[in-house]
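Two complexes are shown next, each including chain A; its partner changes from chain B in the first to chain C in the second.
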Partner chain A sequence: MKKILSPWGLLAAGLLLYPIIFSDPFYRDIGAAFLLAAVSASAWNIVGGYAGQVSVGHSMFFGLGAYMPLLFYTLWGWSPIAGIPAGILLSIALALVIGMPTFRLRGHYFSMATIAVAELIRIFFGTWNLVGAAIGLQGPATARAWWDLTFRSELPYYYIFLAVLGILLYVTFAIEHRRFGFYLRAIKASERAARSLGVPVRQTKMKALALSAAFTSAAGSLYAIKTGFIDPDSGFGILVSVQMVIVAALGGAGTLFGPLVGALILVPLQTAANTWFGGGGSGLTFILYGGVIVLIARFEPGGLFELWHRLAPRRWRRARAA
Partner chain B sequence: MVLVQVIVGGLLLGAIYALFSSGLTLIWGMMNFINFAHGEFVMLGMYVALLVVVWLGGGPALFSIAAALALFALGVAIYLSLIRHVIRGPMLAQILSSFGLALLLRYTAFWIFSANFVSLPQTSLAGTLNVGGIFLPIAQLVAGAVAITLTIALHLLLTRTTVGSRLLAVAEDRNAAMLMGIRPDRMQALAWGLSAGAAGVAGALLATAYPWSPSVGETFGLIAFVVVALGGFGSVLGSMYAGLIIGLIQAVSAFWLGAIYKDIVVYGLFVALLWLRPQGLMGKA
Partner chain C sequence: MLLEAKNVSKAFGSFEAVSGADLAVDEGEIIGLIGPNGAGKSTFFNCLAGDTLPTTGRIVFNGADVTRASPEAHARAGIGRTFQVPATFDDMTVIDNVMVGAFLRHLHRNDARDHARRIVDLTGLRPDQPARSLGTPGRKRLEIARVLATDPRLLLLDESLAGLTPTELRDAIALVRRIHEMGVTIVIVEHIMEVIMTLTKRVLVFNQGRVIASGTFEAVVKDEAVIEAYLGRGARRPPPYPPPQAGEGSSIFPPPHAGEG
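Here is the complex of A and B:
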């Protein structure tokens, strides 16, 4: 009983019941957007948070995952589901290709390489006619059967996203408690020290990137299937990567629930900004994003999680740790 | 003849690439910090030029100096208020700080100036020069020449003057420099000023010859990465050669393959470089 009443049990119950309590499509849509942001940021978190390898080009995996289902549908009329594993495999392959040269080096190289590769792919897809060039691709307008994953209601999407988030959080939780997770944190703390203690540094970083890429790709697929449309900017754009980083960093990079907390704050904030400021709001939203990122970096690089740890009364913390 | 013109045009643009990239490499070499907002400094330099022309009616000399001073001040202010505090923090904080700054500057510019392309009204540098059948816009010629001169000046400042020695001393070993009576904070603030100032002048020079919008910052920032990766991290002279080479490659690939492919070629080259020779042409491993 005590376990179910813990904050995280309440959170899980809240997420399960949310679309039933708020049946308005507008709120369900916000809920789905929140889950998607949480999935993307949690996926980024594996390599960016736990391993401390800050990728600012994760949109390349997101975009591949988003394009593949719609490409399979456009080319051969297959169900978008068939494209999801293809996107995941391609993303893992791309992760290996990027990781091999850049993980030899430390520091900022990885960040720079990821941003350049994402940009390269974005421009490339924008000129490639097979994938719709600058216009992009569209999914099925009306569903032929359930396996087209094209639903009128937001509800099925919401629960699919929630299921993926659940799986991802479980995987992350499992990593945290295994040798692999300790390796990751050792690398983040000091790569040199980790290597001298026998941690297979490059291999571990590679695995983390591949795992992260796979889940980011899945997030992209979910996005494309729900939206039914993808173009180079919404798939590979730099802001897609930025959102993952900021959501994770705001909540607390390298913590299990950090990305969830970040998404819980940022997604409603973004929706509110768009509603208040109207069409011109997107620009202001990014000013806000930039400001939030700078403030996190300057004052609270550990994110809200660390802030909570410092400020919360000790007995609360102990209760949470128990 | 057309090809010669393309090559000369590429080298003139490359000279400006060299100038703003030398600013990026200075910060990178000195404090092992990658400034993701560097392209935004170039973009701001362009708008400073526009504002000076529109409000004060100044000419190229005036607005270039104004852009340099304004960005120098901004660079110092950013170092003192933000970078100084994150530089010894976790790497995530370092990357986030300049990345967030880039977003903040880019979208503030979008908000103020709108996303439309603008260009300077006719300056005193209008007209073209005909050199043996090659037509050179005077604005490009002057901008390229000034950019190369300033890049060399920055190189000489670092290698031939006391201030340069102090800057390099701080880069080499912060604590040892402190024991020698150098104030690292001042030197690093100066480096940020010089870096942003170089980007600002480069922006003003670009503004004389090319139209722009707030989104150019992203493009120029990426080009600066490529130039620095090619020239070697921390080497001003290296980034000068690399800037010219990148300008040339861009112009020639735009000429042969079409304008959209010039960025693909340049970013592809960057990825290949990170694969094959991550320390750059003139950098140390």
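Here is the complex of A and C:
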């Protein structure tokens, strides 16, 4: 009973009940968008937050994951589900290939290298006819069976996304409490010191990138299956990568629930901006992201989670004194 | 012999930071590396720790050639090191910092935690204290605790006792003694002569990348080359070195006027 009433038990209950309480498709859609942003940012968080390797090119994995289900459907008429593991495997392979040269670089150089690779892939997909070039690919318009994952209601998507988020959070929690998690945090703080203690730095970073790529790819697949459409910009565009970074950094990079907190704030804000300004506010997302970057960098580089950790004890101290 | 470095040189472009240095360390020894700033001690130290690749020479540890081995391989082989500027993992607690070291030989979390707790108790730190909140002495202790958790056979201490108050220094010297009594061989780079004099049986003096003298502390301070390296050419030979009181000055030699008149 105590566990259910803990903040995280209440959060889980809230997430499970949300689409039942808010049955309007608009709110359910916001809920699904929140979960997808939380999955993407939590996946990025493994390598960007815990290991401190700030990739700004994670859209390369998101895009691969998004293209594969629709490519399997377009080429062979297979269920988009079949494309999900293919996307994950390809993303892991890409992570290993990309990780080898880029992990020789540190800090901003690593970030810039990841942007360059993601942009190269975006341009390549934009000219490759097999994947629809600049036009992109479409999924099944009407479902042939449930395994096409083409639903009229937002509800099944919401719960599929929630299940994936649950798995990802469990994996991240397990990592946090194992040797691997300790190594990631040590690498983030000081690679040189970590190596001197016998931490296999390159190998650990590669593992983190591969795991992060796998979940980011899954997020991409979920996005494409729900939207039923993918093109180079919505799959590999830099905004996709930036959103993952911002969501995680806003909530608290390197914390289990930081990305959730970030998504909880940013996604409704984005939706509100889009609703208020409609098509005329298409550039507003950039302004919003820019504003969030400035605020985090200036006032709270550790994100809202760290702010809460810093302020909460003080409040408790005051309450106890009273 | 536990460690043998033979003819180790390290050049950065045309500048030779270390030139043909030799060092032999027996199991159970405490050896001091001293020398003026820029003498090449730290570069040589980094070569021993696997952090810097020597240009020439050979380093053998426990019968295995580790000259070109990575820092990780050095740690696995049993060579641990601290850093001149403490590199603690600031977002982690003391016990978590030490667990990173403990994981090298204890794969399971509970084993690593138990081992780390024993080491933390030895160093007198509070296990749940955030590393970020520690001052310089605490951070230096934490670094020592963290490397001890890797169960090293050879411990390389890079100015780990610098910047401490006299009381902290006494405690730190006692800690190094305890570590030595646990059977760990120690090589220590230090500017504080009290530390070198109190802890070491043998000292190597570096100057301009070369080992210019080696022997007991009392012997090397009388060496003409050492006097010249510290005080300059033409300096008078100082009188026999009086051991300072704990916490007193850090100069190798007393002021030139001491003992005169």
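Here, the second predicted complex is superposed on the first by the 312 of 322 C-alpha atoms of A that agree within 3 Å, B and C clash if a C-alpha of one lies under 4 Å from a C-alpha of the other, contacts with A are read in each partner's own complex, and residues count from 1 in each chain.
The rule is short, and it goes like this: contacts are C-beta pairs under 8 Å (C-beta built on N, C-alpha and C of every residue); 3 or more make two chains touch, one makes a residue touch a chain.
Owing to the predicted nature of the structure, the values given are computational and were not obtained by experimental measurement.
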Kindly classify A:Tyr289 by the partners it touches after superposition: chain B alone (first), chain C alone (second), both, or neither? first
Which partner does A:Val171 reach: the first (chain B), the second (chain C), both, or neither? neither
Just chain B (first), just chain C (second), both, or neither: which does A:Leu11 touch? neither
Please indicate which partner A:Arg298 is in contact with in the superposed arrangement: first for chain B, second for chain C, both, or neither. first
If you tally the residues of chain A touched by each partner, is the higher count for chain B or for chain C? B
Go through the superposed model and pick first if A:Phe182 touches only chain B, second if only chain C, both, or neither. second
Could you say whether A:Gly198 touches chain B, chain C, both of them, or neither, answering first, second, both or neither? second
Chain B/chain C common contact set on chain A: none
Applying the document's contact rule, which stretches of chain A touch chain C when the two form their complex? 177-179, 182-183, 185-186, 188-190, 192-201, 254
Name, in rising order, each residue of chain C that touches chain A in their complex. 49, 51, 70-72, 74-76, 80-81, 83, 87-92, 96, 99-101, 103-104, 107, 109, 112, 146-147, 149-150
Could you list, by residue number, the parts of chain A that touch chain B in their complex? 48, 52, 54, 56, 100-102, 104-105, 107-109, 111-113, 115-117, 119-120, 123-124, 126-127, 238, 242, 245-246, 249, 253, 280, 283-284, 286-287, 289-298, 301
Which residues of chain B touch chain A once you look at their complex with the stated criterion? 32-34, 36, 82, 85-86, 89-97, 99-108, 110-111, 218, 222, 225-226, 229, 260-261, 263-264, 267-268, 270-271, 274-276, 278
